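So, here's a batch of structures to check.
Look at the two complexes coming up: subunit A is in both, with subunit B in one and subunit C in the other.
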Partner chain A sequence: MINLVQILIEGALIGLVYGLVAISFVVIYRASRIVNLAQGEILVVGALVLWTFTLGTAQAGYHIPFVVSIALTVGACILFGLALERFVFRPLISQPAFSIFMASVALLILLRGLAQLIWGAETRSFPAIFMEGGFTVGPFLINTRLFLGGVCTLLLAFGLHAFFTRTRQGLRLAAVAENHDIALSLGISVRWAIAVAWILGTVVATCGAVVLLSGRIISLDVATIGFKALPVALLGGLESIRGAPLAGIVIGIGEVLAMAYLDPLTKGAASGLLPYAVMIAVLLVRPQGFFGWKRIERL
Partner chain B sequence: MLPTGVHSLTYADDARILRTSRARHWLAALVVALLAYPAFAGPYMLGVFTHLFITLMAVYGLYVTVGMAGQINVAQSAFVGVGAFATAKLSGYEIHFMLVIPLAALITGFVSIFFALPAARVKGFYLALTTLAAQVVFPIIILALPTEWLGGLVGMSVEPIRMGGLTLGAPIHFYYFTLVVVALLTVAAFNLKRSRFGRAMIAVRDNDVVAEVMGVPVFRTKVLAFFVGSLFAGVAGACTAYFLQFVTVASFTLFASVWYLGMLIVGGVHSPLGAILGVAFITFLQEGLHAFANTLMQSGASGGVLFALTSVALGGCILIALIFEPRGLAHRWSVARTTFQLWPFPRN
Partner chain C sequence: MGLVLANVDVVYGGVIQVLRSANLEVPDGQMVVLLGSNGAGKTTTLKAISGLLHSDLGSVTAGHVTFNGADITNADPVAIFSRGIVQVMEGRKVLEHLTVEQNLAVGAHRRSDQKAVRRDLERVYGYFPKLPDLLKRTAGYLSGGEMQMLLIGRALMARPKVLMLDEPSMGLAPMLVEQLFQAIAKIKKEEGLTVLLVEQNARAAISQCDYAYVMDGGRIVLHGTRAQLENNQDVQEFYLGYGGAEGRNRFHNIKHYRRRKRWLG
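So, the complex of A and B:
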């Protein structure tokens, strides 16, 4: 029994990390109606930028205070978001969904290639931003890094939810998520919305990288987390920010349960398959996920 | 645009693909050139062309699913993989290759139907997500199955094709073999647009709500679009398996799927000519980059540079195509042709 609860706790904490990456995915969709498959690559680029401003500059002999590194990283994320808006997505405003989807696919391989050209393919250690180790609550051991990450995820989810539903700017973004043309006709700047979407998405993805990688090894393969976050975003509802952590917990717990009880029987396949089986089931049963918008079509 | 004096007297005449004798002569010249090519080329270039033909088969499949029916498919490489593994397995049972290739195509088609079923409830990029699931799940399943079934991590060797007394092994054999197969598939791809099913797919692509109202069975058409697209992928997989004589999961990645989609977009999604132009353009671009990366490596760059360069080049090509010419090279080609035909008068 204690074993089971321990597994559930671990699953929920890992699930919150998926939830955080899923939030970065949802934020972009919720503000600009762009499905971004390249989220994993964005996370890796964010992580590499943070590495450059911390350990990278330290190796080159310049010691930057930590607060300045964070500020530089956020600045780089903002520049990155603005550049994506200007050069990739501004020309595609109110183009068919197919073009925008394919642009994100192109971005996926472009960013992977650029990351490899700029930073090289070697693995490097990521700065330890959260303290390592764990603490015990009764008989249960809790990983400090994942716990703090989970707290960040929940705070971010509620903060962003308030931004999107309570502020004037956030409500404008909702109109853009509904339809580019209608938003434009109401006088809302879709360009601005897309820039905000990408800046938020990049910053949140970098937070995800910090939680996921703090004190560990970073390589280009980390980007596969992006595809794990997709089923999470879909289960929570693509338009719902608060849905993402909840769906993350569901999928995280399902994954560790499958890992503990089914993997020995299936050579480790069950936990890998589970998120995607959930994804197909969601699409068949309830395509809008837990809290997504249900779209009605008219002729 | 047609030259002056070409008239259609019947509907069949109007629907013909090669309408002028000049078009037929150019096609004959192309066929002769492709048949005579091995006399002038070394084994390396023959390998490049064989690879190009196999890629073209897979991209024809994408043209059907994405270009005609408008359903995004980011798992074409996984479907090619299904075809390749089916071929490897079937060839082990001493089945004749003329039977193996259609069987592999059918198996691939039926696998794809499973991932097309959510089309009953969702559309657009949601459907793309199920194909993404197919692509991600494919290696997990292959690796989890018992090793004696599909080779697991190691991969499977493929029995070579035996035709009479001849065992296919040399590059020139595969060049002619894939040339024949790709010629058959080209005929299929060009004619699909003229069939009832092809028109149904185009209606679904343009507006599926309207198509439903007009009496097109939308769900069935979408599922069949995936099925037919995967038949092409299965044939491509069979040819890959016979060509490489060994299949492993590692060759059928998401990146390969993106490459196929990228080729189709650069060429133009709405015509099989786009598939041909896109595959040729990207393949030769890749060969150029290959040569460039080799010179870089001689001056001391690392080995991953080639992969990174090709990724950047393809990503850039897709973005440029989407932003500046969404109709692709095929449209540029028709513009150039019209300009030539109308010269010296301006094209408008």
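So, the complex of A and C:
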């Protein structure tokens, strides 16, 4: 019993990391209707940028204060997000969905190549931004990094939800998420909204990198988290910020349960397959996910 | 002054010409109605004014659209909106997953003076007393009449100078249509609003307007004051539905045939 609860806690915490990355899918999808498959690569680029402004500059002999490093990283992420929108996805506006899909596949490969070109293929350690180690609650051991990351994810999800439903700026973005033509007829700049969405998506992905990698090793393989977060985003609903952490917890718990009970029987395949089995089931049974928008049809 | 279209041509996708040298004037504080059959170019005229042609890959290729003397031909829709020209598109375009309250808030998204926004909300509730009861409802599940109230209310929240309504009566029961037009007339009078109304329901629309234009095949074919149009034989027959004598009806058919030719040409 204690073992099971321990597993559930670990699953939920891992799941919240998936949820955080899923939020970065969701903010981009809401504004632009683009499911950016290269989100995992964007996360890795964000992580490498943060490394550059912290340990990288330290190795080169420049010690910059941590706050400045973070500011520089956020600034670089904003520029990166804007550049992706301006040079890759904006020229594709009103092109068929398939062109946009292929563009995101191309971006995925391109970013992998560019990351290797700029930072090299070697693995490096990521600065420890969250406290390492764990703490115990009763008989249960909780990983401090994942716990703090999970708290951040929940705060971010509720914060963004409140932003999108209550503030003037957020409601503009919600209107764009709903329908570009209506938004335009209400004097909302769709271009501005999409640019904001890409900035948010890039910054949130980098937050995901911090939670995932703090005090650990960065390598280009970390990008596979993007493909783990995609089923989470679908299950939560591609338009729903709040759905992402919930779906993350569901899939995270499912994954650790499969790891504990099914993997020994299936040579370790079950836990890897589970998120994608869930993804296909969601697409077949409830394509809008938990809280996604079902198009209201009126005839 | 007011809103003026001078010899405006609109072409979609570089090949399909929809407006041919349209001339139209909407003076300040008046209600002008634009009538015409399907495909006559009424919606295109509104979009040429609001700048929403761009999202349909259309553009004004000749002529000028001016508002109070300023040239707004092919301007950015956001810029035109901020000049106070607001188009309510046809087809009940509510933000369907947002609540009624959020829809109204989106209408006022450019305004930071929260007190004035709240006052305007009260005014909108005054025109549409049913709205306050619907605030928490999801807009996509409202009835047609409720949606239309919400749309006009949302447009008013932007404090427009010119309100352009595209077929607000579409799909509404006759009684609701009457209430709606009364509400529009009341709003126009109390807010000193300029209204450009596109309608198929000619009888209801003409009864409230100051001036009317009739479009056909992308051209303005007839225009006049309410009294002039109400007494015009063609308008009576084509748009107000008063049946004529037998011979008159045959003439009507001939005219339809000739119009068809003109449209193809």
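Everything that follows uses one rule, which is that the second predicted complex is superposed on the first by the 284 of 299 C-alpha atoms of A that agree within 3 Å, B and C clash if a C-alpha of one lies under 4 Å from a C-alpha of the other, contacts with A are read in each partner's own complex, and residues count from 1 in each chain.
Definition applied: a contact is a pair of C-beta atoms (placed from the backbone, for glycine too) under 8 Å apart; a residue touches a chain by one contact, two chains touch by 3 or more.
Keep in mind that what you see is a predicted model, and the values were worked out from it rather than measured.
Of the two partner chains placed by superposition, only subunit C is touched by A:Gly187; subunit B is not.
When the two structures are aligned on the shared chain, A:Trp293 is found in touch with subunit C, with no touch to subunit B. Of the two partner chains placed around the shared chain by superposition, subunit C is the only one that A:Leu171 touches, whereas subunit B remains out of contact.
Taking subunit B and subunit C in turn and counting the residues of subunit A each one touches, the greater count comes from B.
Residue contacts after overlaying the shared chain place A:Phe130 against neither subunit B nor subunit C.
By the touch criterion defined above, A:Ile109 reaches subunit B but does not reach subunit C.
Partner subunit B is touched in their complex by these residues of subunit A: 35, 37, 88, 91-92, 95, 97-99, 101-103, 105-114, 116-117, 120-121, 227, 230-231, 234, 266-269, 272-273, 276, 279-280, 283-285, 287, 297, 299. Listing the residues of subunit C that touch subunit A in their complex gives 50, 52, 55, 77-78, 81-82, 86-89, 93, 95-98, 102, 105-110, 112, 140-141, 154, 158.
Of all the residues in subunit A, the ones that touch subunit C in their complex are 165, 168, 171-172, 174-175, 178-182, 184-189, 239, 293, 296, 298.
Contacts from subunit B toward subunit A in the complex involve residues 70, 72, 74, 115, 117-118, 120-122, 124-126, 128-130, 132-133, 136-137, 140-141, 143-144, 209-210, 213, 255, 258, 261-262, 265, 302, 304-305, 307-316, 318-319, 322-323, 326.
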